[in-house]
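Labels A, B, C, D, E and F are assigned to the chains in the order they are written; within every chain, residues are numbered from 1.
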Amino acid sequence: MIEVAIDTIWVLLAAFLVFFMQAGFAMVEAGFTRAKNAGNIIMKNLMDFACGSLLYWAVGFALMFGVTRGGIIGSSGFFGGGLFEHLELDIPIAAFLLFQTVFAATAATIVSGAMAERTKFISYLIYSIVITAVIYPVVGHWAWGGGWLGKLGFIDFAGSTIVHSVGGWAALVGAAVLGPRLGKFNSEGKPNAIPGHNITLSALGVFILWFGWFGFNPGSTISGLNLSIAHIAVTTNLSAAAGAVLAMIVSWLRYGKPDVSLTLNGALAGLVGITAGTAAVSFFGSVVIGAGAGVLVILAVEFIEKVLHIDDPVGAVAVHGVCGAYGTVMVGLFATDGGLFYGGGMALLGVQALGVLAVAAWIMSTTFILFKVIQVTVGLRVSASEEEGGLDTGEHGMNAYADFAMRTAP
Amino acid sequence: MIEVAIDTIWVLLAAFLVFFMQAGFAMVEAGFTRAKNAGNIIMKNLMDFACGSLLYWAVGFALMFGVTRGGIIGSSGFFGGGLFEHLELDIPIAAFLLFQTVFAATAATIVSGAMAERTKFISYLIYSIVITAVIYPVVGHWAWGGGWLGKLGFIDFAGSTIVHSVGGWAALVGAAVLGPRLGKFNSEGKPNAIPGHNITLSALGVFILWFGWFGFNPGSTISGLNLSIAHIAVTTNLSAAAGAVLAMIVSWLRYGKPDVSLTLNGALAGLVGITAGTAAVSFFGSVVIGAGAGVLVILAVEFIEKVLHIDDPVGAVAVHGVCGAYGTVMVGLFATDGGLFYGGGMALLGVQALGVLAVAAWIMSTTFILFKVIQVTVGLRVSASEEEGGLDTGEHGMNAYADFAMRTAP
Amino acid sequence: MIEVAIDTIWVLLAAFLVFFMQAGFAMVEAGFTRAKNAGNIIMKNLMDFACGSLLYWAVGFALMFGVTRGGIIGSSGFFGGGLFEHLELDIPIAAFLLFQTVFAATAATIVSGAMAERTKFISYLIYSIVITAVIYPVVGHWAWGGGWLGKLGFIDFAGSTIVHSVGGWAALVGAAVLGPRLGKFNSEGKPNAIPGHNITLSALGVFILWFGWFGFNPGSTISGLNLSIAHIAVTTNLSAAAGAVLAMIVSWLRYGKPDVSLTLNGALAGLVGITAGTAAVSFFGSVVIGAGAGVLVILAVEFIEKVLHIDDPVGAVAVHGVCGAYGTVMVGLFATDGGLFYGGGMALLGVQALGVLAVAAWIMSTTFILFKVIQVTVGLRVSASEEEGGLDTGEHGMNAYADFAMRTAP
Amino acid sequence: MKKITAIIRPAKLEAVKERLGREGVKGMTVTHVTGCGMQKGSTAFYRGNLYEVNLLPKAKLETVAADDAVDRIVDAIIAEAKTGEIGDGKIFISPVDDAIRIRTGERGASAV
Amino acid sequence: MKKITAIIRPAKLEAVKERLGREGVKGMTVTHVTGCGMQKGSTAFYRGNLYEVNLLPKAKLETVAADDAVDRIVDAIIAEAKTGEIGDGKIFISPVDDAIRIRTGERGASAV
Amino acid sequence: MKKITAIIRPAKLEAVKERLGREGVKGMTVTHVTGCGMQKGSTAFYRGNLYEVNLLPKAKLETVAADDAVDRIVDAIIAEAKTGEIGDGKIFISPVDDAIRIRTGERGASAV
């Protein structure tokens, strides 16, 4: 009884912290984009959590954690009903539902930043509903709901792949299908800088995300009695710190000055990178993983923009997609039990790579179809004149900073 | 001993989260009003918590939870002294005092938004002191301190009525006595839009409030061993989500575009609405209650402004007063044990309605007297020229955004 | 086992809250300074936590909590390795490491505000690394790591002196060595007002800090089973409230209007002041200590600026240095067990004063050397033209508010 | 052609703009400025330091018009912007040699 | 000497500025303004209240130049700022008596 | 009557304003603008992309004055605003036909 209470309290508090990450995403994304679209970003972030909470409860949770159909998909427990004894949880199912709901919303919300400043609001809503209700729960089932990937021994403790890469790859596809913002690339294809409008807000968002990650990773034990929560909290923190420091250094070397927005991305890259292996790697391992993520995120931002010519205003693909995949593979190297560098051979590494690829394939194909269907039906992108005037005016008839004189619309 | 520790930890953490709601209120209110009054709003929010903490400890707690005098008022335990054995708490009284202090401050702070942009600072301080020290503790005693309302079987688990409606009705009276902001209504009585100055800040405030509500509702068990905390957390979240979604839809239908600020209000409406019944209703019930609150809040905002001609810049009356009363009554319908829709008959519904009315009567009459007394003594409202130039300059000699070029004063 | 889990959970959650204080510091400092330096402030706050986390793990923790060398310095446990049995902790060492890491980062980050708007970024990084890795751990060892000061009976429960004064005195020395911002003093030495750019952000920062302090003080029991956590939470809150109220009143009396930024400082002063005695004083004692801190902070701000002619843009020295020392001494008067006012004689008071002086001497001498060495090597201060144009452009090549029309650079 | 520059209270901008619309003024440009004149501003304290807030927010409204429309426009602005209190603002009239509509390249009176 | 004042779309500012640089214009001053003209703005709802957003953001670019440079400058502005849609803006030309470079005290044509 | 427009460093605004007050200038209007001239701005990186910050913040101070006050005002502005470094700014003098005080309807020299 006491044990159950401790675990329940732990899971709920962790869920609350993860919930708060929604505020972090909203602030990071709003700050890194232009003032004329700030209200729209806010609205997307609020709505993917609100719609997501309802849909995940109604459908997503059942597909993810219901009784498995051949390791592919869950099939029971819609609307929180039914029995979940096969999960062998000691905590009330409601606590688990809440924890999983906030995770689902995290996966969904990652996309909003990458598609910012040009996506029709209604179209974003449709995307958000489909990913939370169906696309995410399927991969979630594979790894965590009793599906085939988990059975193979795939380690993704808190979701570098299952949550972050899911969001990141969906973001990649979304941003690619949508096309770049007007003026992002000049006539020769060279990218222009489109500075974010509120860097203090973005920084606040990053601090909130880091704070929330202390729920995200340690909470994924689903048990407060499991003392590895302390180890997990430390690896989480060290990796984030290393990510930030390395991103700062790399930006300093490459661009001559330490770049604030990329350093903020670096902290997030470290967090995303450690999420898979947080319980499996040593402190040293976490520092190395974080440091690698801090370097990688900058290279990825450049690659996506300069080579792929995909416009991701906030770096969501680099942070969540690339560093999520990277972190998952790193577990195959750094896991103190089974990792290549610890004498575990190639087996785990292979499974990790397989998981990364399988999830990427599923997400890219389904979201490609989804965005294409939206594109040819309701349309995915606002008109050029609406984009120029800002989505706040166009989509919501409002102005986020009515009392301030602006340099730009509105 | 372990049980006591678990409960103490739970109540304290919940209290910390509820404390943080003060930041949420400050940001929501500041963002929904004009830049020239932002410093004043901040100051009111900070001061009602600071004064409130001292006064509730000195006086309010004793009136609310001291030994009852005929079910009307408490009478022992001033300055945290005395015995509170009649409360039959296992946790230290200090933990309970803190939890109740942050609740009292919540009730008080609701008013600051409705009276924003035109109230004298000193007058607001007086109001704030009186409501926290006396007016709120009395109704609190009725329902939660061993008073007559609780004895009748009134269910207001975490305070839809006792906290939120108290603040909401006080806000209604305050805004009515004070009169509208200059320029809010044109000569024919048609309301003008006075856009808030920082919608990203308001959105952050709403996320903080939602986060804090996970302390507000689940914490109200006063026990972490009570596993219904998980159920409560889920109903809280579902209702907020439903409130946001429905407010978005309704604003879309009525005004042609999904309104950001009303959708933010919708989330809060869902939270306020579920607060009474959070432990008593099912998940389905919470979705319905939240959805209803999301619709109701928009109609209430319009009614208060267009019919009553009362100017409530942030929608505090609609969110806290109206949706608080609504949510309390809904318990009479949706309580799985005793609600009308679950075969419980009319009894509970009657008690709920009685509670709502009794509290409304007490609050409206006492705050009416209070505001009138302030009005004829120190005065309630700043001069027209101070209002035009902004309360930041007038009341505090400052400017919240000194480096920004503004469209308006200052 | 269950006891260990409870203590671990408590310490981790407290550490998470203290971590979040980093966001609070960043927002307070950014808001109280000019827009043209906002990105630089953010970067300093992010980096002292990131570098600090790595260095404290690698070096600082061992110096502070390793096996003592004569009560002066710890000497084992670098990179989290080695045994810490001498600490007699029940919780995993990882939990303790995290808790101590966030404390170390708090001490370090205090300085960034006092040295804001004119310090070279690289120089700040060097300072930050040295204080976290060496200077802070030494005094930490004296009081908390088994060193001589703790052995004398010095009471600094959560670090009024060990954390806050450490930061405050380092801030004093840094600001003095650095010199005032251009234009801060006119030709006759009279200080000019340089208003902060975003008071709502600063207010949010103060609320976040207050919230985080509920981890800082109650968490310092290092045990959730210790029921004094409730008492501690209440004294923390009452002192903060009293500090805010008194600072408001004093600013009102001295300057004719209640000053928002000083009142915000007052809340922080109350928090810093109670940190030493939070577990040792009564509720009454905490109110008196907080009230005194609220008065003192304003006098100290004036003294530092008008008498010492040292330019501390955010009041860090007054809040953390002066009120930290004050709060530590007050324990000698107000400790219900051993304080002068409770019949305990002068002994404790003497020890407290000794601790305050010893720490001040250590910090001021070491940081003086540190800043002087930086000054003559890499240089401490940016060029005048960079200062005028803002450090965001000069140090980071960016602009925190690109879409806003500004009154000032950039 | 003349340029009429009116520096008015921000609170009067909406009314003046509407009135000018009714008077047939087709275009105007508004800038948020600060100014001082008879109206002297106030003093404030920030963290214990006295300072003067002596630039008050004003709206600057500029419209280029044909010579014969000037008087009507000036009268209309005065009618809406005047409160009789210090701080009402000023109107300046200055010569304009030519005007060009970018969209069409039209010049002169037909362009304004 | 003349002052050329161009009120253009903010999105065209960068292109116009670059072009003027290529045309040999040494200095210019830019102000963020709002304006109305043929382009009428839109209506919006805030919390259920309809309101008109009838002042649209524009960039005002001012450059003082010698009389004989005026036409070239005007043509360059038109070339870059024109989209052909309503809202392209206006150019006004007005007389300037003198110009002084603060740094050196130089006056007249050599100062611009 | 003349309008004196001075485009100066924001950091010099306070000093110039005070000095003009001492010189008997009763009213002035200040706008926060950006500009380029000899002073060329700098380059910056945002997320790996180079861009030019070539519009620097300046304060534009406008005051309308009687013809015979112009020289004194110009000299006063130069005295306070000059640092001798590139970027000190410009002063332009242009004709004003008339001035009206909105509060009283006064016209001409007595209105400024």
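The rule is simple: a contact is a pair of C-beta atoms (placed from the backbone, for glycine too) under 8 Å apart; a residue touches a chain by one contact, two chains touch by 3 or more.
The structure presented is a predicted model; accordingly, all values stated were derived computationally and were not measured.
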Item to complete: Could you name all chains that are in contact with chain A and with chain E at the same time?
Response: B, F
Practice prompt. Could you tell me which chains make contact with chain A and chain D both?
Written response: B, C, E, F
Response to the item:
When each of A-E, A-F or B-E is compared with B-D, the one sharing over half of the residue-numbered contact pairs turns out to be A-E
Worksheet item: Distance-wise, how many Å sit between the C-alpha centres of chain C and chain E, to the nearest whole number?
Response: 50
Practice prompt. Would you kindly tell me how far, in whole Å, the mean C-alpha position of chain B lies from that of chain A?
Written response: 33
Practice prompt. Please list all residues of chain A that touch 2 or more other chains.
Written response: 2, 6, 9, 13, 195, 198, 204, 255-257, 259, 261, 397-399, 401, 404-408
Fill in: Two or more partner chains touched - positions in chain F
31-32, 44-46, 94-95
Worksheet item: Which pairs of chains touch each other?
Response: A-B, A-C, A-E, A-F, B-C, B-D, B-E, C-D, C-F, D-E, D-F, E-F
Worksheet, complete the sentence: Residue positions on chain F within touch of chain D in the complex are 3, 17, 26-31, 64, 94-103, 105, 111-112
Worksheet item: Of all residues in chain B, which touch chain E in the complex?
Response: 191-195, 251, 254-257, 259, 261-262, 298, 301-302, 305-306, 315
Item to complete: In the complex, go through chain E and note every residue touching chain A.
Response: 10-11, 32, 42-46, 53, 56-57
Item to complete: Please give the residue numbers of chain A that touch chain C in the complex, ascending.
Response: 2-3, 6, 9-10, 13, 17, 34-36, 195-200, 203-204, 206-208, 210-211, 214-215, 218, 224-225, 227, 229-231, 233-234, 237-238, 240-242, 244-245, 248, 255-261, 263-264, 267, 283-284, 287, 401, 404-408
Worksheet item: In the complex of these two chains, what residues of chain D are touching chain F?
Response: 2, 6-8, 31, 33-38, 54-55, 58, 60, 74, 77-78, 81-95
